[in-house]
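In the two assemblies presented below, chain A is common to both, partnered first by chain B and then by chain C.
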Partner chain A sequence: MKSSTKDRLFLAMLLGPTIVLVLAVVAYPFFENVRISLSNMNIYHISDWEVIGFQQYIAVLSEPQFWEILIKTLVWTAVNIIFHVSIGVFLAVLLNQKFVAGKSAWRVLLILPWALPQYITALTWRGMFNYEYGAINLITAKYLNLPAVEWLTSPLEAFMAVILTNVWLGFPFMMVVALGALQSIPGELYEAADVDGASSWSQFWNITAPLLKPAMIPAITLSIVWTFNNINVVWLVSNGGEPNDQTHILVSFVYEAAFSMYRFGWAAALSMIIFVILFTFTQLFLNRTKATESVY
Partner chain B sequence: MSLSSFFSKFSTYFVLLFFALVTVYPVTRIITISLRPGDQLLSTSLAFIPEGATLDNYKELIFETAFLQWLGNSFFVSLVVTLTGVALASTAGYALSRYTFRGRNSMLSGLLITQMFPATMLLLPLYVMLIQLQLLNTFLGIVVIYTATALPFCVWQMKGYYDTIPVAMEEAAKIDGCSPWQTFYKVVFPLAAPALVITALFSFMTAWNEYVIANVVLQDTDMFTLPLGLKLFQSSLTTEWGLYAAGSLLVSIPVVLIFLLLSRFLISGLTLGSVKG
Partner chain C sequence: MYRQLCKVLLFCLVVTGCFLGCEEPDERVHVRIWHQKIGAERVFFERAVDIYNDSHPDRHVEILYKETEELRNLFIVASAGGQGPELIYSPADNLSIFALTKTIRPISDALSPDYLSIFGSDGVLSWEGDQLMVADQVGNHLTLVYNKALIPEPPTRFDELITLLQELTVDEDGDGRIDRYGLTWNYTEPFFFMPFLTGFGGWMMDEDGNPTLNTPETIQAIQFILDLRDKYKVIPRESDYNIAETLFKEQRAAAIINGPWAWGGYADAGIDYGLARIPRIAETGNWSRPLVASKGYSLNANVEEEKLPYIRDVLEYLTNAEIQAQMAKEISSIPTIPSVREDSVIQGNPILRSSLNQVEVGLPMPIEPQMRQIWDGMRGAYQLIMNGSTTAAEGAEKMQKDAEKRIADTFL
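Let's turn to the complex of A and B:
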């Protein structure tokens, strides 16, 4: 479209309000966060803070707990994504079979976790993990004769509880994305494969998987970023990192440092580090998988 | 499809049923607990309909707690966020889809990059700003932050949808003498209805379901939104399981229904927004 003065005016009208808002509440805070991360701002220096350089970054990186939680965050993200994608694709393939009756009913039941408000899911699972009265221990004791597990009070189990909750939450998204992509795969491909005598297993890996990839890669990328930053589930299921601040991922750790301990400079530096990790990751991942063209 | 020869039909249904049970079970627990009478809240029973089922929890929730107040707060905040989100995303997305101008690409990638910000990245400086502007514990403060959080995704998603609408119709409207604004408002806007629905839904859900930001910004129980209020039942010394469950159910039902009804739109919007760009 040629841009005359009139067009320019119209363009300014369309974009103006958004640009103003984004500058004020996204760009400005972003640079402010950079400034805070270079400062000594904390509960003792809340208005008389000053820029002191990279000390907060050094402080974060030299804290052993940071590395411990970084590893936990990576495990958390990897385990979640692996389960989300494998359960999601598996259910999508099952549902996509011709003979399955009541497809939309199954679909509705299976995307329920996605539809429920996330905080309600998290708080409800916290209740279900209760040692004495929680449904999980009651069921495993009654039907599987397993001893009760201290889900919320020992570090490893609490971390597993958080992961279990988030696996439950996350697979429907992948299932729906995969279902959409499966419907665009032409059935003739499978008929031809049948004629050639290919097994279902090899049909999945040679036809389904490669054709699902273009739809799944952006969804997986987004989902990795969301999971890495998913403070809601971790914070609410573990009630702010219980037991004893052992159940954290980086973002819940920053949240606590900022709003329970008021270590503002330190927290801002850690936020920047998280952002740099995610930014580097997405650039590398999208380049590796050559999905960049489809995202931009 | 010959998968059926591999997994027999029986095992397909068995697996689907298993996962359906897993997804539905926590919801049935909420229902059960919300119906329990006061003396049975700490019960180890797994029965679906509890012994002596009663609606007392609902009565208490509505008449004796601040539930209705929180509901009103949540509704007001979500509505304002939705209206702002739709107004801004529909116009900005259109500009980004139809016009080429300097800074367009950096604007688009800038919006995408905000998705990688951890929650605390903007929350911390905004919190400091809100303190300085004395907007802490106000709805204005929370509405601004929610809009900022939801907007980048909504703009992308609107732009993605406009990209799929052929330009030919707008050219025709122009020839018929429509101004650019009329063309947008009368021709393109109605065509973008499905994407507008998703933008509205996404903005609404962002505000309706958000806990961690509200927890920092809103401090008086009078100002609480629903997530803060329901969490309050859990954090008191003796967890008010009955009230919590009744409240959760009432809050979830409308959202879940809307979500399920619109889920078809949602996924086409998601894939368009993120894949086609």
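Let's turn to the complex of A and C:
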């Protein structure tokens, strides 16, 4: 056997299991979902379903609730990411300063929300948002003399409650990524800037921010996709979209359609639309920011 | 490199083969049951299955707990794909969904007519002419649970109860916040609204399964609970299942409307509790009638014929008169075999007697497939009503519209 054939065979043996695994757990479910999205699969046709074309896509796009929830999902994602990044970077810069004592302890403390299981954190926050007995209303009433807020029963406040919980859960990830990137910035750059008389603000914008970008852009992209699809927090804090399905984001809406209403075809079509939105966004964002280029 | 890799792969294959070959083949017949039993009921069930397995070395009953919603969804998906457990234990309201999805087969394929004839009407559940479930208990019903230290004997009419609840609702430390409420329940699930709706003479669907929610009875029922909260101020402003449970267990609510699954927890929390019928509505004279549902076993559509004799044996063991009597005695469940229900031991159990007393005025949970859409349609409006953002009339109209839309949506 020729050496080049041997090498190819060797490569195929190494890659084979991975390819089979990816086909089984990514490609097959994806194409099966495409097939279901083109079908009438629902509770009345679960085993005798048939392909009906793009009717489910038309039904999703002509559903007014879809557009309301899409806007809500965009707001949810944008607000969360803004807070995750700004709080995360702020804390990372702070922890990177020489004058901060007990850095390890602070780091552990700040990573804690991320380290705890989401399930526990979400349900704890739900308890804290209770109108009469929740810690938030009790504290704001006692120390700030503010009136109690109906966090879980009024649509706007409930949505704010879900966002607050997710901000709490999400900033440590950004902080860890930013801290790692900050520690790899050579100290000489700041020393040179000091010699040139640059202010701290100027150093941040001209040294820190550009050198954080290669680490932060992929992290932000990932975080946007995670947040857009974060069913756990929304579902647990709002108890499945309460009140009156007003706190749904697209992914929880898909879950409800599939497993509460058994509208499998419709839910599959909606999930394909979510995929297209996220895929398009990710491509545009990565191309525009040239984040992958700067890695190489 | 290539040779080395081949050697490693060969070694792995030999080791794996040896391990697989060394394992003794399991020749027992396996009967798998997915269930949603919790608390004391689950402990009893696990013990009963262990006893069965110990006395039948040629077979093995495997049980797996799943939360009710997950149980239904995963069973449908598994059975539609030709898999799943041989038996599923669930509330009767799942039956029509299982039947529509063709994921179960008649229970009469496994059990003889003679055996099925020992059960009462709530022990063998049918849909569209097929016997689909054999139940080991009936109930799942809401009852008024009261703290005996605060309410020695609850009144049987709501107007009298409200007067008592007003006395029991107190701000003990004078800080302007209520420290103890008279009554509480879960405001987020419309299942808890049903006793009030039926008390005013309303019902959620007609004979064809169409929602009947935008009615004067629904409006009156909604107004009644709004008055409890805003006019008489005897129930908390906000309460979900966990809050209601905590308030009652911590003696910050004198009474709660809840079901049999929760009673054991009250005893564990040290509450000396009693059960009573949810009172009559004074305006109509009707009892507030909760929904009553059986819980039992259904047979997976994919079960092979040769397994049926084993499944019959397991089912007869898990649903017979002897085990139902034990269940009633130990976990206060209501038997579905009339002779067991009339047994003096069961009649002598005060909790069980009160529970039966409530069941007598309960209404059977509809098993029509539209039930799910009607619950979902009611849920959002019920939540808006309870947070005060809609009136009773608007709430009733929204319930009807949402339920109709969800039923229509399900067909696509």
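Worth pointing out:
Keep in mind that, in the parts below, the second predicted complex is superposed on the first by the 268 of 296 C-alpha atoms of A that agree within 3 Å, B and C clash if a C-alpha of one lies under 4 Å from a C-alpha of the other, contacts with A are read in each partner's own complex, and residues count from 1 in each chain.
In this text, a residue touches a chain if its C-beta (ideal position, glycine included) is under 8 Å from a C-beta of that chain, and two chains touch if they have at least 3 such contacts.
Quick caveat, the model's predicted, so the values are computed rather than measured.
In the three-chain model built by superposing on chain A, chain B clashes with chain C. Using the contact criterion defined above for the overlaid structures, shared-chain residue A:Thr153 touches chain C, although it does not reach chain B. In the superposed pair of complexes, A:Glu132 makes contact with chain B and with chain C alike. Which of chain B and chain C touches more residues of chain A: that partner is B. Judged by the touch definition given at the top, the superposed model places A:Met261 against chain C, while chain B stays out of reach.
Of the two partner chains placed around the shared chain by superposition, chain C is the only one that A:Asp245 touches, whereas chain B remains out of contact. Residue contacts after overlaying the shared chain place A:Leu112 against chain B, while chain C stays out of touching range. In the superposition on chain A, A:Leu91 contacts chain B only, with no contact to chain C.
Shared-chain residue A:Glu32: touches chain B; no touch with chain C.
Contact with both chain B and chain C is seen for A:Lys6 once the two complexes are overlaid on the shared chain. Within the three-chain superposition, the chain B stretch that clashes with chain C turns out to be 132-140, the only such case among 132-140, 150-158, 186-194 or 204-212. Once both structures are placed on chain A, chain A residues 6, 10, 13, 127, 132-133, 239, 259 are touched by chain B and, in the other complex, by chain C.
Of all residues in chain B, only 1-7, 9, 12-13, 15-16, 19-20, 22-27, 29-30, 33, 42-44, 46, 87-89, 91-92, 94-96, 98-101, 105, 108-109, 111-129, 144-145, 147-148, 151-152, 155, 180-181, 184, 205, 208-212, 215-216, 227, 230-231, 234-235, 239, 241, 244, 248, 251-252, 255-256, 259-260, 263, 266-268, 270-271, 274-277 touch chain A in the complex they form. Taken in their complex, chain A has these residues touching chain C: 6, 9-10, 13, 40, 42-44, 46-47, 55-56, 59, 127, 130-133, 150, 152-155, 239, 242-245, 259-263, 265-266. Across the interface of their complex, chain A is touched by residues 1-2, 5, 69, 73, 76, 80, 97, 100-103, 177-178, 188, 236-238, 240, 242-243, 246, 369, 372-373, 376, 379-381, 383-384, 386-387, 389, 406, 409-412 of chain C. By the touch criterion given at the top, residues 1, 3, 6-7, 10-11, 13-15, 17-19, 21-22, 25-26, 28-30, 32-33, 36, 41, 87, 91, 93-100, 106-121, 123-128, 132-133, 135, 138-139, 142, 168, 172, 176-177, 179-180, 187, 190, 193-194, 199-201, 203-204, 214-215, 218-219, 222, 225, 229, 231-232, 235-236, 239, 250-251, 254-255, 258-259, 264, 267-268, 270-272, 274-275, 278-279, 282, 294-296 of chain A touch chain B in their complex.
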